[in-house]
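Worksheet: one structure, shown below.
We just call them A, B, C and D in the order they show up, numbering each chain from 1.
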Amino acid sequence: MQHFDSDYMEGAHPLILEALVRTNMEKTAGYGTDPYCASAREKILAACGVEDGEVHLLIGGTQTNATVIKALLRPYEGVIAATTGHIALHEAGAIEASGHKVLTIPTVDGKISAEAVDEYIKAFRADEAWDHMVWPGMVYVSQPTEYGTLYSKAELEALSEVCHKWEIPLFVDGARLGYALASAESDVTLRDLARLCDVFYIGGTKCGAMFGEAVVIPRKGLIPHFFTTIKQQGALLAKGRMLGIQFDTLFTDDLYINIARQAVSEASRLREAFRAKGYEIYAESPTNQVFVALSAEQEAHLRTLTTFSEWERTADGRLVVRLATSWATRTEDIDELINNL
Amino acid sequence: MQHFDSDYMEGAHPLILEALVRTNMEKTAGYGTDPYCASAREKILAACGVEDGEVHLLIGGTQTNATVIKALLRPYEGVIAATTGHIALHEAGAIEASGHKVLTIPTVDGKISAEAVDEYIKAFRADEAWDHMVWPGMVYVSQPTEYGTLYSKAELEALSEVCHKWEIPLFVDGARLGYALASAESDVTLRDLARLCDVFYIGGTKCGAMFGEAVVIPRKGLIPHFFTTIKQQGALLAKGRMLGIQFDTLFTDDLYINIARQAVSEASRLREAFRAKGYEIYAESPTNQVFVALSAEQEAHLRTLTTFSEWERTADGRLVVRLATSWATRTEDIDELINNL
Amino acid sequence: MQHFDSDYMEGAHPLILEALVRTNMEKTAGYGTDPYCASAREKILAACGVEDGEVHLLIGGTQTNATVIKALLRPYEGVIAATTGHIALHEAGAIEASGHKVLTIPTVDGKISAEAVDEYIKAFRADEAWDHMVWPGMVYVSQPTEYGTLYSKAELEALSEVCHKWEIPLFVDGARLGYALASAESDVTLRDLARLCDVFYIGGTKCGAMFGEAVVIPRKGLIPHFFTTIKQQGALLAKGRMLGIQFDTLFTDDLYINIARQAVSEASRLREAFRAKGYEIYAESPTNQVFVALSAEQEAHLRTLTTFSEWERTADGRLVVRLATSWATRTEDIDELINNL
Amino acid sequence: MQHFDSDYMEGAHPLILEALVRTNMEKTAGYGTDPYCASAREKILAACGVEDGEVHLLIGGTQTNATVIKALLRPYEGVIAATTGHIALHEAGAIEASGHKVLTIPTVDGKISAEAVDEYIKAFRADEAWDHMVWPGMVYVSQPTEYGTLYSKAELEALSEVCHKWEIPLFVDGARLGYALASAESDVTLRDLARLCDVFYIGGTKCGAMFGEAVVIPRKGLIPHFFTTIKQQGALLAKGRMLGIQFDTLFTDDLYINIARQAVSEASRLREAFRAKGYEIYAESPTNQVFVALSAEQEAHLRTLTTFSEWERTADGRLVVRLATSWATRTEDIDELINNL
């Protein structure tokens, strides 16, 4: 029995573990004020081409979304997101718990377009009752999306332009960003993100780290006292250097992208194998997630081979499942699964 | 230059690191549903003598306090704590951010007595305007306290009795619990805590783990859907087994208490050395923290020897500093510091 | 130029004003502890057939919704509502500001069916990831709805049954309840509401009062310390007797329903006149609101006759407007408008 | 038996009632967009000497405090107040419910000095752990205070200066402002408040109105989209003109101050009578509140004459009571009480 339930089933990349072991007995100050965090920040900012930006190292994705969004919004504001956005569905109401509404825009592939955002805000401002409603105060998108799809550079540029037009920040959830950056079909780099977003984060948890998300604020000072808000949200790791060491390792010798590339390539092999065997690929996602709509028979067979995530139901009632590869996925495991399909 | 700023300066206990390395490439389900978490829970409950209780593994202390308190209180309720309690001062308003007031009781040594709690609630209920005020809905104490002092079993029993009398839960913050359990002056065991508290937690971050706090709910079902509230608070680790492995290791062969005992003993040696050299011990704390009120001369000298935390000022303006030992403190480092005092 | 923008354009019913004037210089205790509030409560409970229930007098609708919902939900819970529900759209995020998500169910006529609620909850509980999502913790409906439509007794019974089945409370927003009770097409009485709901409120602001909403909790004790939560939400009127006097008057000699009946009848005349003149009636609402989809020409003409609320756009871009009558609408004004249509 | 429990025992000033009656059947737009609100705003701004400022009309004090403070603070900030401040004690945790901590400064007479605020902020910023603590983000004072005492112009100027020095807003709760402005011992005018505060409000509820608090923002634009935040907090009255009419009346021909002057003068007579009869005056308050510390015998006697508020206990256990006059207090009632003392 194999396991492709998610991309956070294994521990940390061996180089990270090695660094943790090597530095274990050192004594450093807490809360991210240590040299490893400083080094990680510097390398991340260099990779993003924004040397004078800010980097904050948090622990997990839901936490990061809630903390950033709370810090960016004023009480009367909400955040625009896709109906399938992680913050809209699978974060247990963390955004609402911080006092803000998620304003959803329908989507078919997990993406929202600049046009849709523009329409939304135009309609809002044209509404006679707009000041009795939640002001759209920022835009949240995920790269890759919850369906593994990607925003192209042109699409992100358009989103960024719309956000600037309406003077609201653009925030990119990069919980799986490595797999986007590593996708052959992506034309978006870290430098593009730093140019186009007001805040984005580089996911560690799902891309090689034991845990950790690196929030990048390309233009310093956007969020005053963010450290204190992070602390308040319970997102400040006491032994902060654990985050520094992990991101420092991931941003040395392009490790972050290199290990993601392998995951994307294995996912691609698996996706094509499904297709070749007559399975219906559900979302055309060029990253590390494979979505398949299963007939009852296919479902029964697949359950004998591997575990996976149950995603949703098709209109005609078939189960859509997700299989995820990761930096740790072994070629031989994919081979075996393909052979048994 | 030595460093005794805090008890979270080093990484994880070597046995924990070893376990993380050994299990690193295994694949397990996320969010604490793996066998390591199951084993850790079982061992913790056994150590507490409440086999049918609940254990939830969270990441850090501020997060744990905010999550537990939010889950226990209703909107009209607040939490009673010492004015020096961690939630009252050093958590950046995390309790208030979840909508609740911290109702403080003055203290000299970081402790609050059952009598003081009883008086507080009696006065509240006798107040003509009580229903315009925040209802005291639970009691929060730290063991050891923020001043390293300890509640005796009799004191905890009295607190527990007062809480039952007023029908509100008693919550013990055990961020440094190991150092309390290991103190020669303590007569409180995990079983006592499980008997007397409604919720308490066993701190990992400051007591041998890389991170992690194990929340124990001795009587199952006190908090419905706590998992979802943990998720909402951003306190649910995706690779949850990292927490399971750490606590499983700490609760194997009494590691948790054994490594704390060494820290307490080194702190004790250091405290007595300070005293012998004419320094004023500020709080009589029998755990791993040493509080010293320094003359200007003493301060200048100590700064040449070690780093420490600045705690507060005495009434006559002298600096009070805290030096903390930990499970990782080496005897030779304490020797050296003592020799140089 | 006439004005049918809303049902809160005039002051209070003359009998209410008279009572306010008559009692003005009396001295009573504050916060609803006076004899007028006691009398109003008694009369309301008698009208609802639940003598031992609770009544709380608040000031406005958004405030009442936020206060009741906050008091009923636990942190991990949200409230099910129609996508067009007032709390979902036009309360500026008040529910989210109290920490809770509004879980919306699509609707065409402003209503949600018991089946839709049942489906929603079933799907939620069947979802593999349910415990990462907001638990549906109560159901909110408006009677009449935001489109002036009505739940029948059978529909409310079905909703109540579904709520009991899933053990969650049913809350009815009755901001315009008078116009529902007074509608010839309604078979729902106050006694039915008291039997079927866990909480509901009887709107004063839009039904004859200067302001005020009477929250009825048919079974006492559902919400502990509700007084304090009301105070916390800023919904407790210092000179509480102003609310008591108003509701006492409205619940004397059936004033509440009698004055609503006239409003419904005038709305009905207006609706039929629109239809007779070839206007498209947009929602078949049997209460005091008239929704009309206008051609450009009709819009231009109507604008010369009266002011109204702009509601939304039809699929083909025409403006839908709402005209509202109230207890204060004069027959001659409706006559004049009809003649000029 | 007489009643001096509070200054909100009667209804509205007769001129207000008259205006409400006179305008009752007019039709106006809702939510404060009517001509009466416009006129009230204009008159208030003229009285404050800030024609281009903003005025927002809310309903009650707790609501106003919570709404203003929430709108002014960012998530990491709290509000400095006296330990006896209304927001710190008697608003059921409304500030905390909006996510913010009340940072208290001890006081003896209900006031906090500029020096104390300066010390507080200096100590905060000097604290090694400041960024783990709640940032002091604004200052709240009441004029008159909860003990009926007054800030002098010099004291307010000093507070304003400290706030500017630290770049945080100064907010004055004027729930009883009329009685301060009308006090012979006060040298503070509305123009002074407009010059020295960033936000303050002119209380209606306790000073002649049926309800209503007029928030003045002397320098326009301080709080973006305040209307929406007011709506979100449930503080927006649908029939907003009821507020406009009341404040328009109060700010015509100096009614607001004239009626307060009578209340202050009666309170002064009563205070001196208590003193002459050997009662201990507890707080030297020159406004409409009289605080008396009673011996057991005095308490027994006073209970036969009038109702009052129980305030607190003296160190030696005697009851401190408060008697409040208002704009509606009759000279003959005070005479009678004095005669019977």
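Some notes on this structure:
To be clear about the criterion, contacts are C-beta pairs under 8 Å (C-beta built on N, C-alpha and C of every residue); 3 or more make two chains touch, one makes a residue touch a chain.
Predicted, not measured: the structure shown is a model, and the values here were computed from it.
With centres computed as the average of Cα coordinates, no chain lies farther from subunit A than D. If you compare A-B with B-D, the chain pair joined by more contacting C-beta pairs is A-B. For the pair subunit A and subunit B, the distance between mean C-alpha positions equals 33 Å. If you average the Cα atoms of subunit B and of subunit D, the two centres end up 42 Å apart.
Residue positions 75-76, 91-93, 97-99, 131-134, 228-229, 231-232 of subunit C are each in touch with at least two other chains. Residues 70-71, 74-76, 98-99, 131-135, 224-225, 227-229, 231-232 of subunit C are the ones that touch subunit B when the two sit in their complex. Residues of subunit B that touch subunit D in their complex: 75-76, 78, 89-93, 95-97, 99-102, 128-129, 131-134, 309-310.
Residues 3, 5-6, 8-12, 14, 17, 20-21, 23-30, 59-64, 66-67, 91-94, 97-98, 205-206, 210-211, 228-229, 231-239, 242, 328 of subunit D touch subunit C in their complex.
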